[in-house]
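Consider the two complexes below, in which subunit A is the common component and subunit B and subunit C are the respective partners.
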Partner chain A sequence: MSKSDHPQSSSRRAALKTLGAAGAAATLPLWARYTHAQTAAPIRIGFQKHATGIGAAYGRWYDRTSQAAVAKINGEGGINGRMIELVTEDDGTDPKRGAEVIEKFANQSKCDIAFGTLFSHVVIGSAPRAGELKLPYFVVSEGHHVASGMLNRWTLQPGITDVKSQVQAMAPFITDTLGKKVTMIYPDYGFGYDHRDNLVPAVQAAGGEIVAQIAIPPTETSFTKYFPQIPRETEVIYHVMVGPAVLTFVKEMGEFFGPSRPEIFGFIDSLEAVDLASPGLDFLEGTYFWEGMPRYLQADAPAYVTAYRDAVGIDANGASTSDPKDVSTAAHMFGCWETLHIIKAGMEAAGYSSTADRQALVEAVEAMTEMPAGAAHPQGDKLFNGRTHQVFGPQYISKVESGKLNVTHVAPIEDTLYPDEVDYTTQSF
Partner chain B sequence: MRASLALHLGLVAVLFALNFVLPAYAHGNIARVMTLAVYAIGYNIAFGYTGLLSLGHAMFFAAGMYGAGLLLRFTDAGAVAAFGVALACGAGLALVTGLLALRTAGVSFMIVTLMFSQACALAILYFAEYTRGDEGFVIAAASRVVAGHDLGDAQVRYLAAWALFSAAFLFSLWLVNRPMGKVLVAIRENEPRARLLGYDTFRLKLGALVISGMVSAASGAGYGLFFGYAGASFAGVQYSIFPLLWVLLGGAGTVIGPFLGTLFMFYLIDLSSGITDAYMLIAGVALIGLTLFAPQGIAGELRRRAWRGLP
Partner chain C sequence: MRWLIHLSLLLSPGMAAAHASEQGFVLLLPTDLYIAGGVAAVALTVLLVAAVPDRAARRLFRPVPLWPAARRRRGGWPSLLSALWLWWLIWRGLSGSQDPTVNPLPLVIWTAVWLCLVIAQALVGDLWRALNPWTGLWARLGRPRPLQYPRALGHWPALLGLFAIAGFLLADPAPARPERLALAAGGYWALNMAGTLAFGPRWLLSAEALTVLMRAYSGLALPGRWRGRRAIGLSGWRHLARADPPMALALFMVAMLAAGSFDGLNETFWWLARLGVNPLEFPGRSAVVLPTLAGLALAWAGLAALFAASLHAGAILAEDARPTPGLLRAFAPTLLPIAFAYHFAHYLPAMLVEGQYLLLMLNDPAGTGANLLGLAGMQVTTGIFNSRDTVRVIWLTQAGAVVLGHVVAILMAHVRALAHFATPRQALLSQVPLALFMVLYTLFGLWLLAAPRGA
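Entry: the complex of A and B
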């Protein structure tokens, strides 16, 4: 994977470096007096924001969370005494534009690092360029692409758990509490396959059985014809439909089953930024959802959680404090907050002072392991795996009661772990 | 003729020289623009010169991108072989599509090509086991090497993109100055009359579409190899609209137009996104303005006002 087979250009580069170093040494007294001014300059973090395109609702909340985290960190003295400056660029939730934005961060706006991408295809399209430009790239994507080994040493996901560990951790709860015979309904593309590929073995390992797998094409707008495929013996329906059609999906499922329905378990991804009080969603009453972090303020929430929610500006229902109709993407956006705190910790551990220390920053983050819950990690305790560049943490399961999500079970970190699929630390920079 | 040759060779020379003077960000941008301009050049051969308004060229671009990408994902064939396979994929797909779609014309042709392209996009999603569907896959850095030169290196990438662009650009210039190019224009202007004159217009249109598909595939393969990613979004309908837009902006039926249009559109988005979140609005207003005041595109306007012989 390395790009070291380049004798000509590297020797030229080496020669230039030597010349540059000699030149710099010769002028030492001239620039030395400015070093203080240099280090007081802000740390520029390129924020790859889904401001337009399919990820816009996520982008809006990722932005708010990131701005709040930056305000908090700056208020507490910044990183090594330097303020953080977020440099925001819209990637249009498009992998081509995503890669261009990465180049813009590295080469034009002179950012120290890049951060904040959610959608998998944008991450996968951008990561090769981040690697080539040697730009530390902190994604908040929950995709398994980082830990799968597909990306590179410069790409890390330390602030949000990946879908593989999330799905795997749900299986024991589903089979122990809801039922052994599970029918899966999922979109017929990448996001759905992540669930299919990881849930099936996990449910089997937990003593359950997948009795049917119903893949629905992403272009579908009505789902009535799929429901008869659900076997009668089904005890639990596991659904991960996403996109605008989800409201129709839930409504039609309600009409299909009427009052006698099996247990229903879903991933909140489908209903992020959607008000649970929306018309047609009443059928979800009494069903269960995975949540990355609880949307509704729980009665036993610790002080650091309320502080986090206040800083981001969400009310007890997880909606914007300035507009109760503007529902947040609470199950994911905490990842931006936690990632920015990890960047701070990493830069301070590495003694980061300029872009020359980018490699040291990556190594410092790779060296991290336990991250205790608190103001920097409001979602809960975390365990970072430096070899796979992926963090692991608790997973929440909530039940819809009176139109609100109440946490009924927390899957511990141990349930989310799986064997390493890559060791990025063996790759060269 | 001599002036035209000077203009086109001059552009190639200027782009080569820019490699040594551009700052890093613009250097990367121009490499990208040159790669995508090849796509526009391919589209222009079908649309600008032959009058085949296709709404499905993304399938040819994707055929190149996936033809090269999948080969490198599953074999050790190497970048050069992958590029060759990509060209064959693009030409083959264009041949099959053309044999069927060219039985129609005008609006029907647009719809048929659009449908073919959508079928290809859905096939990429359907075979997600191999293509990784909408997420796409990284084309490993180790396989993006040509004769020991790493395409991930900024200099190598720029020069490779320049070579690809120059080849497509000069090929397009050569083609339109040949008798075949003149006949293609004749078909565009009045197909029944061209047929009356004895030309087998179906075969010529098919030939133009195959060349167009192959050049588009070259761009798709180049994009994948230079930037290390293949994804289904590149097969989506918007990637069929982009080359149409670039060609219309730059000047349909001109050799230099596709490059100008791609360059203009890239910087329009890049610069306006620095001003506001609603950059598509700025882009839209600029496009409307250009359509109103220069309906034949930048190079088309140049031809109308100043340089009648511009090919």
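Entry: the complex of A and C
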């Protein structure tokens, strides 16, 4: 592990660079010092981090990925020659605190923009404040709340795809490859409903049929009584269980089916940051998962993917290079890397020089469309929709083989698109 | 979406926490069997104690005297350095990174002091006497004591202070946010400095919650002073050698266990269901401030009532007319080993993670790029929560601590009873309800460790 991987040291290094620039400026004549100081001052990006609360495991990896992206961008000259400085605030994975953090970025810590965060309720709690304060707010949340029109013109999600496009893109693969008769097992609340509401029409459109919907109460920790509800005709089980009991769910499903099971398809959200080689998860061998970005290094991975993984510090199994048991949140955290690169591209396109250019920045990002895969977009090609403020990209379907996830199908961007539900560009700033 | 996620965070003092899979693995462990084993061990202790001759029982807690102990004065340099360090930390809290995993203030206050120093107190003795941030400055200023501490106040201000600290820790939306903690710690320090300058160290010993708590825990340490000599004995001997605490201090001890028990209960699916909160989409601490405060108060009142009822029932069985308040004072210290065990068990996973952040901070305390401990580049890991083997070791360590705490508590209570009741038979009968209480509390503690958590 190199020193630059360390979150503290990289932000510190950025700060030291700034100090160095300030020292150099002191030798210049007064007028030059003024203009130089203007351009050399760092761009302050307020980073809303789940440092505490139920999102802390994600927050740690979002932080690590963001620090790595900032180190890379700064190493390549920053944004318009200015270094990025991440100003981290803990949102406690708490919507009310999220809004307070946004306010602090805008009013107290003089941030140029705000960036973060994962949990939907925090984004939904924070975005209205960002709108009122006219602070560009770049979220990495995966929720459909941006594209649904629920938020505002100052909130954008250009670095990670939303759940609606993810779920609907799974349907063709499920019905074409795994089977037409699908039973859904999902937790009985909002997260599960997102999957139900998007998958049912998508499977029907793809010529399949949902033969049963089994909603499981969130407080359940044993599942054996639900499995008999799975119809015999079921060819595919689609599961999106989450929570501490998810390992128990997998184990009990394995015990229920034994060796003869239907095809099984899940969302990696259930097992994000969990080692698939864990005892009890053997039953998942041969089953399929959606992944936002492959956790395991694929044989045909391009150089920019390995460069991204090395920069963040994850090994071929998607675990920390300093501890092979410390599995990352690989399916989501790439969004931080891509978002920071989009912020850079947007600021450079807008000629961003001060907070007076915030509106120009939002307009510059709204004008973006195609973002080719590469060092800035290691997850793959992207298509940004400026009207809905939402990005679209490829979706990965991986099969568990020898305790590892191997990509077997990549759903193309076309499969992930859906009609616009909002046009933020018609809203005033 | 991000309604998801598994995590089960053991909120340590509102700080970062454990991990997705730890809870998942705990749910896969045969915790029912472990719990049965733990409860059986405590129940067996009760039976054994009943069978042990009284003299042997008393001898259990008799310390072994060592060398003569030197007289100690309050107010040395370590305390003054603590104060200077605290001011620096407060300044860092206000001016440094607002990431609680990086800023030294929350790492020192919550991880180093609240998690680790409390544990050290209970194992090796009263380090706080030297390290508190008040007596050093007081001594430098000429040891003023212009006012007499009002006797009537007793330990009641400390009890109030304990509620304030526990309330802040458990219910405040952001107890680890550096700026907020800086104000809280600064205010707390100033208030108690003023009290110390007015009343001398007596203020700290009676009215300042942290010192009272630290002293209560240090009474569990193996080494101590006995008849002018250093001595060493079974955990709890120092409390048994002391006079019964006054009522406010006894209630303070009950509150220590109540706060420790509720900090844990408030994260369970069970508690969240009481609040009507979906444990898989915890709405954040902001949303549960009042229920948490109410729960804390209820836990204290409920525990005090249950404990008093057990003592009262014991006195009836023993046909002893002693009033319950006196019994509560006599037996409250026997709850301390349990409180300590809860503290250790609850915070063990958090210590394993926060300890890494603390080390990284100490490696570079001022954020200047220093590498004092040679840890530069170290990445914090939660990998220990990602395998069944390590999770099992952690869980059994926690459970072992809980069981051991109850065993020591039962032994202490038995010896206390022998001293308080006229005949050994009365002492034994008086302990039946209390023993039942402790066996059930073991069950509760182990259930708490195994229960799914969502906040």
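Basically, the second predicted complex is superposed on the first by the 396 of 429 C-alpha atoms of A that agree within 3 Å, B and C clash if a C-alpha of one lies under 4 Å from a C-alpha of the other, contacts with A are read in each partner's own complex, and residues count from 1 in each chain.
Note that a residue touches a chain if its C-beta (ideal position, glycine included) is under 8 Å from a C-beta of that chain, and two chains touch if they have at least 3 such contacts.
Please read all numbers here as calculations on a predicted model, not as lab measurements.
In the three-chain model built by superposing on subunit A, subunit B clashes with subunit C.
Using the contact criterion defined above for the overlaid structures, shared-chain residue A:Ile210 touches neither subunit B nor subunit C, since it reaches no partner. Shared-chain residue A:Thr52: touches subunit B and subunit C both. Contact with subunit B, but none with subunit C, is seen for A:Arg129 once the two complexes are overlaid on the shared chain. Of the two partner chains placed by superposition, A:Val410 touches none, neither subunit B nor subunit C. When the two structures are aligned on the shared chain, A:His121 is found in touch with subunit B and with subunit C. By the touch criterion defined above, A:Glu103 lies against subunit B but remains apart from subunit C after alignment on the C-alpha atoms of chain A. When the shared chain is aligned, subunit B and subunit C each come close enough to touch A:Pro95.
Legend: residue contacts after superposition of the two complexes on their common chain; A:Ala301 is shown touching neither subunit B nor subunit C. When the two complexes are superposed, the chain touching more residues of subunit A, out of subunit B and subunit C, is C.
Of the two partner chains placed by superposition, subunit B and subunit C are both touched by A:Tyr189.
Only one of the stretches 94-102, 328-336 or 436-444 in subunit C has C-alpha atoms clashing with subunit B after the fit on chain A, and that stretch is 94-102. Comparing which residues of subunit A touch subunit B with which touch subunit C, the overlap comprises 1-3, 5-6, 9, 51-52, 89-90, 94-97, 120-121, 143, 189-190, 218.
By the touch rule above, subunit A contacts subunit C in their complex via residues 1-3, 5-9, 11-13, 16, 49, 51-60, 63-64, 87-90, 92-97, 118-123, 141-144, 163, 187, 189-191, 194, 218-219, 221, 242-248, 251, 269-270, 272-275, 278-280, 313, 319-327.
Taken in their complex, subunit B has these residues touching subunit A: 23-25, 27-29, 32, 125, 128, 132-142, 145, 148-150, 152-155, 227-229, 231-234, 269-270, 273, 277, 279-280. Residue ranges on subunit C touching subunit A, taken from their complex, read 1-9, 11, 14-17, 19-21, 23-28, 97-102, 173-174, 176-177, 269, 273, 278-287, 360, 364, 367-369, 376-384, 386-388, 390, 452-455.
Residues 1-3, 5-6, 9, 51-52, 89-90, 94-97, 99-100, 103-104, 106-108, 120-121, 124-125, 127-129, 131-132, 143, 145, 150-152, 188-190, 193, 218 of subunit A touch subunit B in their complex.
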